[in-house]
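Chain nomenclature is as follows: A, B, C and D, assigned in order of appearance, with residue numbering initiated at 1 for each chain independently.
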């Protein structure tokens, strides 16, 4: 976890400070179109209110940088850590996750004042070399919550029968592409992160893996392909599904990706016509796996995906600015359209150890029951992802921009 | 259901119009201290957001007065009836009750504009004699939601660990009173509403009931008396409780009235010291019944309460203005401190028939599983209650200002 | 609670002893067709295993007669009271109701040995005058469990896709009867039990009630009438239903009485064709109320039913012997076809006090949330019911033989 | 999947037939001490009744051998496949898993007659070479249900406050052993099954894996060590636990392994004193992982375990006969004491394909959300397990004989 990736110019302190300020500003810009009411509500336990995201990332800076590294720092408010700690047991008791939508006070304006206060208090820290890793972590953390802010508010807005839009405009159009395959001969590959550039602890240690020959699709599965799966009875054919997945389909009456309704789908620009050639999104792992079985293919392992992606890594390739999603960078949509399910369980790499202290809870304690997703979505902050990045969700969750890319044995 | 109670001057049309305007204004005044966030959230299925109350009562006027009785009236918004119908099946499908807190749009300002629009559109209706009953119903309906607005926002605010206050100030102080008893010789009594003044359909028909000799306490049970019940192990003594009540105590870990914490209780003025001599509130029917058993007494029937109250009926005795609760009128706190549990199930009176049409759903369909409460609380609108008034809640509910008054056999 | 009803010869000690022995023998005869497996399982929380019924009634005799009134009596087994106490808090902790089906040991044979032991130990008690009331209570208690044994095993057997029968044979046939009405002029009536014959505590004190003129149907609602209700969309018409009832219909997909399937219904003789002219059974209070509304009538109050029944009381009119249900006695099927819902909530009569001690928990603590049913069913033991009898169930329950008789205002 | 493991003499047809008959007889011998009541009940959704196990394995033979491979075979009973199909979607609808305890008919005697019928009908099949694989599968399947029969009846018996025993006698005593470690240098290892001997589909294809240097404990974690974990506050220390595990501990009030109570634990011989030096059992994956963290070690991967076990594989090493558990074979308790958690998710091996047809549902569809366990327990049938065997359960389940063996990086 340090200064720079090998293949890009080393970042100076100025770069770090600039990226800090840009990240703080982007979070606020993303929240700007929302009313105080929009920013307050919580639509399900998995999602958090916008205002909570705005405050939580600020609590992260205040706690792990200002409180821990500034002598005599006084908390902005003594009671707010109880409200805005997410899941750090080492930081003490906290407000129940499922009740975050009850926090009408502090107001949005007060939370924005908190943000301004902490952002300013951080200024003298930005040049302290010994804090560089923590600051990089804080920026990455803020970026993760930028994406969650968008996926969570999308989930909140769709609850409203009026189907309100957060942004004006219409969806980008997509163009059909023939599926092509990237073959890989197998053998020993090096995966995981190493070096001085920033990465999360769960991306390392870099280590060798043994791959069998395989091929990875050069395209994402599209809405049109998914419609064909539906039309072929995919959601009614038990033999395509994992047992847990079939139980989930039956119990929840699942018959299409989330946010689909007839020929429209819900977006941050409201209800829009569905582009046939756009990548399918808002599917669960169970659906991705069933589709792959139906298609006579399979999901890649996280290592297969990474091995192909290493030669395409756009050095921070994508995706988000305050004006909304932009065209993805990176060939073959590896980064920037949607997170792509792998068949890999989210488990520790060999010799992985979580960091000491409360930040050790960041990733390690979630290593059971979840699956790894690779890539980045249209809601991922530009420069946030990389080939070694490991996103993770439970197999039934689908409120993220999740999609899939097929793989097959060679 | 008509013009006036016998013991007060008949209300002219101007009176009706004035009361309509006052009711509309009071609802808005009650909501005024709340932020848009406060007004949006829903803390439990039983409670509704302030904004929803503001809109729902307006929908009631728009639907049953303007739509039904103004030729060519155009709805303020075609989609809003779906959002703001509460439970009228005859009015079609509607938004799920448990998801009212998801309605961030329309905004509070838009709902206030809706209110202004409907209030103004109602003006020409206020003198139409054939609509008088419906207008009286609409006013009473709006008053009921004024009380619910307060009890619901109280429940929402207490969810916040910061314990925010809606109003400034401190609780009124109470004075201890010796318990005295009103004896009644029994015999045939007339109960229920009759005559030209307004009453809800469930208050009639007026009919004879046969009472055995009894006595009704002249005071309400106080916080100090409740503390004695707790100190004597009331919540741990199965023999005091109805079977359903004991199961409820065990399943929910109940050990005190709602909103109690140590020697404080939560109020619309935030956390306040508990006055020993103030009436206990926020108890369930189960608790009221157990207390009465512990005290060697019992709850009155609704008819016993009404027989005593008929001679104390303050002709619209209480209690609410925009500045918050005021001192109760009416001797012996029959009206204006808290709703008082009876042991009577909420059932139809002999020959009761619900009115035709959607408004027939107002009261009649709730006549199972609930208990009758009499009186009025500190949150009840002034002039809303009367001796024949029948409030009703499920036996476990306690987010209303509910208390008790003891009775005993003579 | 004592020796005899006025209109029958006083029962001698021999009578009491004979009835005791007959009751004990009947319980065993009812269980005789069941395998040990049948007798062990529990199909829902509301129902209990046959073996548990066999043991529980025996525990009742052992506890309240032998233990409490025989010096030096040693329990048959020290651990069994924990297993076979039903709900008497005063008798200490007990096995969870929902886990009664886990008690494979003691075996059925051991429980039958327990029965024989206690039945024999009871012999010297049967002539003790001071115990007469308790013995009457024990017999009535055993009779109640005879009915529950049948309704509970019926519910258990229908869970089996093979639809096994407990008894051979086919259903009795029924004959159509024109509906006639018993008119009542209203006025003061005396209801409730009084005198030396046995009755449960909840049937008293006898007291005056004031009735308005009404009429009670002389027939029960039949399967054919219920089919007409279904055919007319009764289960899909919200306006017919109480609000709680409609929610129950929607949540559980209710579309017919329990145990109905196409033109058959499940009985203790297995799946049988449904007799159009037989009384409908296995309906909930919600269904009974909706049917009455649909039929332009209403349910009677418990007092209306009793006032009519007083002149028809068959002095112990019905219904059960070991060979299965027999033709009901009593004109107009008041007793012996099905329990008949009233619109009365199950509440204490004026000046009711539960008895002291653990048996005080028998009836009184259930006086909330339930409704009163009158009459007796085909599964009620002969001689068990009477005009003042008050059965009670929750408004959604329908595994008993429950039906309805209409009433209307005069 | 075929004739023999390389290191043992090829099994002749006679051997197969003998093993078939032995397996059938052992299942019945295991059930012999149980009453019909014991054999009927179901204590939780995860467990099945003994009678159901007896019938289900018979259904398996009848369906996949007799029905599919004997021209004109008539089912023993046309309705029973509905009752006794477990989870094979391709075999059609079936009785709800959670309601298996409702099947009191057919009786235990009828199910035993079904067994005898099918066992005899199988005789002519046992020499048909083309069915050998299926017969091996059927034997392995029957053996798996032998273990489940024991773990399920143990769970059923402990529900009974009387704590009944299935077998007489007392627990075997255990001897303390110093922990020693098996070091492995890492590198490429071959794992998974290959060759003519029987194995389940999920054990293959055999493939290469890359191991880092590690060491695997030569002993299992003992009750005494687990007690030290408890005494050190293990169940109250959030930092030791995976996030899902900590939530599970909190929600369920977990404070010890299942079946522990003070210094005793429940066994098939009833409540017995706990041997400090015996391997701990009945722990969940979450507990195993927390213990390993507390101990400064980790769980092995399934491949690490297998690499060590390959040199210890007892060629069918263990463990069960009708008299109850016997001393484990195999050094270091790899096989025969308890199933040992790995940190590996249960996922398909490279190029794994489930077999065609209904038997393809045997293992493959469960490859999400579960973890791999290696070894064999005291309840595993002798000869059933091997180094490549992959058992799998959800991370919270602990009614199996589950324990753990530590690993560490070299």
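As a convention for this text, a residue touches a chain if its C-beta (ideal position, glycine included) is under 8 Å from a C-beta of that chain, and two chains touch if they have at least 3 such contacts.
Note that the structure is a prediction, hence the values are computed from the model and not measured.
Annotation of chain B and chain C: not jointly contacted by any chain, touch as defined at the top. For the pair chain B and chain D, the distance between mean C-alpha positions equals 60 Å. Annotation: 38 Å between the Cα-based centres of chain A and chain D.
Each chain gets a centre from the mean of its Cα atoms; for chain C and chain D, those two points are 47 Å apart.
Chain pairs that touch one another: A-B, A-D, B-C, C-D. Contacts from chain C toward chain D in the complex involve residues 35-41, 43, 51, 79, 82-83, 95, 99, 101-108, 156-157, 159-162, 164. Contact residues on chain C toward chain B in their complex (touch as defined above): 87, 89-90, 188, 207-210, 212, 238-239, 241-246, 285-286, 289, 343-345, 347-348, 350-351, 361, 365-369, 395, 409.
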